[in-house]
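Same chain, two partners: chain A is paired with chain B first, then with chain C.
Now for the complex of A and B:
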């Protein structure tokens, strides 16, 4: 995502995370089901306010990519948080300067 | 000797009739999933555009774009967009929750499709109304089939 913006500008944010997103529908060579292990939630928080949220299901592709947008309202930090099965949690953040 | 072989053949035949793991949902499952989203309301056709390639080589990673016409102001914005697949083992694919802070109700992501099918997008507006759009696609290689 851009690091600077004018106030009121709509920013496009592209985020991707490395994760197999094991759907729970695959089988091993011996015929056993591989259990589900996916990311279930994504959250974008802008200066402490939730601005975008996603609920992911097994039909989301591996290494989930999401392209969304948000309005540049003020300078600050955008945090991006992923959470899912088996206690998976991952986050990253980006600073934004709004003029 | 022949008795045990007959027993073996019969039990093998019985075992092969046991229901396999459900491979694909039916359109009814998807309708039920949509029903849960809508409650007792109906979704009007329009305002929602769902773009999926009409022919997909590999169902494991299908780029999908959904856009909803909306001013995205505090008074009138898209609250949620739900994607439901009619031909996957589980109908729900993903749900996006937005607010007026989004600016644009347009999201791109990559999904898995298990079969050629119609995929539906249901959008809920801030005034509680539902709008829907859909896209049909042909899938050459189903997702989640490789070991």
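Now for the complex of A and C:
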């Protein structure tokens, strides 16, 4: 995403996370089902306000890339959080200066 | 009476009368865009992991790759484009992954990394990325000549239950369709690749094993002499073509 924007401008945010996204429908060569282990939720919080949320399901492939947009309202921080099966949690953030 | 026998080696072009072409050209616009933008390319994770591993000390000697090789962006420039090589001291062919393991065992006194393991693929992707945009420089020489001939022989040999050779699809029928998909000329210009079908990064040897399974042949083992000979032949056949690593393929 850009680091600066004009007030009211639409920002395109692209974010990719490394995760195998095991669907839970695959089997090993000996016939055992490989258990589901996926990211369940992604959310974007802009200065404490949730602006975007995704619920992920087993159909999403590995290393999911999410492209979305939001409106630049004020300077601050956008936090990106993922949570999923087996206690998976990850986050990152990006600073934005709005003029 | 003296008899003179001359032996002529015939080297086949990639495709009779056609220009050599990377399989990049056959991909959809979306897939090309995924490869071209490092921020969209899932193989970037492997490059970043490799960059971190490059700095990590390992083995009894407690050295990292950086200890001997310093900054990879200078020391590794062009290196990946020159593999596989025939290592005369070892008496065998070595590909990039093999060389990384040789360094680990000899100079770091660390255990070799398993073929297709995440750390090995990350390191080879990181090293190969330093040759991005550079031409493949594998040439025939006295040391690799026997292996190169063996690789060429394998490429032209019918194999498996379907009794097909690599050449029949990738030289004679490149550009035609197989199960709806265009057949590439099979130049290893982008390896290691992030293959969408694998949802992961994989090496050329992994792909070659898939091809062999595809013609219903018993695939040669990872690291085997046969796969190395094929890698050498394919690299030689693609000499002069530019490396695109890390590639994305369908």
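Here, the second predicted complex is superposed on the first by the 99 of 99 C-alpha atoms of A that agree within 3 Å, B and C clash if a C-alpha of one lies under 4 Å from a C-alpha of the other, contacts with A are read in each partner's own complex, and residues count from 1 in each chain.
The working rule: a contact is a pair of C-beta atoms (placed from the backbone, for glycine too) under 8 Å apart; a residue touches a chain by one contact, two chains touch by 3 or more.
Values in this document were obtained by computation on a predicted structure and should not be read as measured data.
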item: Fit or clash between chain C and chain B when superposed on chain A; value: fit
item: Partner chain(s) touched by A:57 [first = chain B, second = chain C, both, neither]; value: first
item: Which superposed partner A:20 touches (first chain B, second chain C, both, neither); value: second
item: Which partner, chain B or chain C, touches more chain A residues; value: B
item: First (chain B), second (chain C), both or neither touched by A:65; value: both
item: Superposed arrangement (fit on chain A Cα atoms) - minimum chain B/chain C Cα distance in Å; value: 5
item: Intersection of the chain A residues that touch chain B with those that touch chain C; value: 61-62, 65
item: Residues of chain A that touch chain B when the two form their complex; value: 10-11, 23, 25-29, 33, 46, 49, 51-62, 64-71, 73
item: Residues on chain C engaged by chain A in the complex (per definition of touch); value: 39-40, 42, 45, 196, 199-200
item: In the complex with chain A, residue positions of chain B that touch it; value: 21, 60-62, 85, 88-90, 92-104, 106-114, 143-147
item: Chain A to chain C touching residues, read off their complex; value: 14, 16, 18, 20-21, 61-63, 65
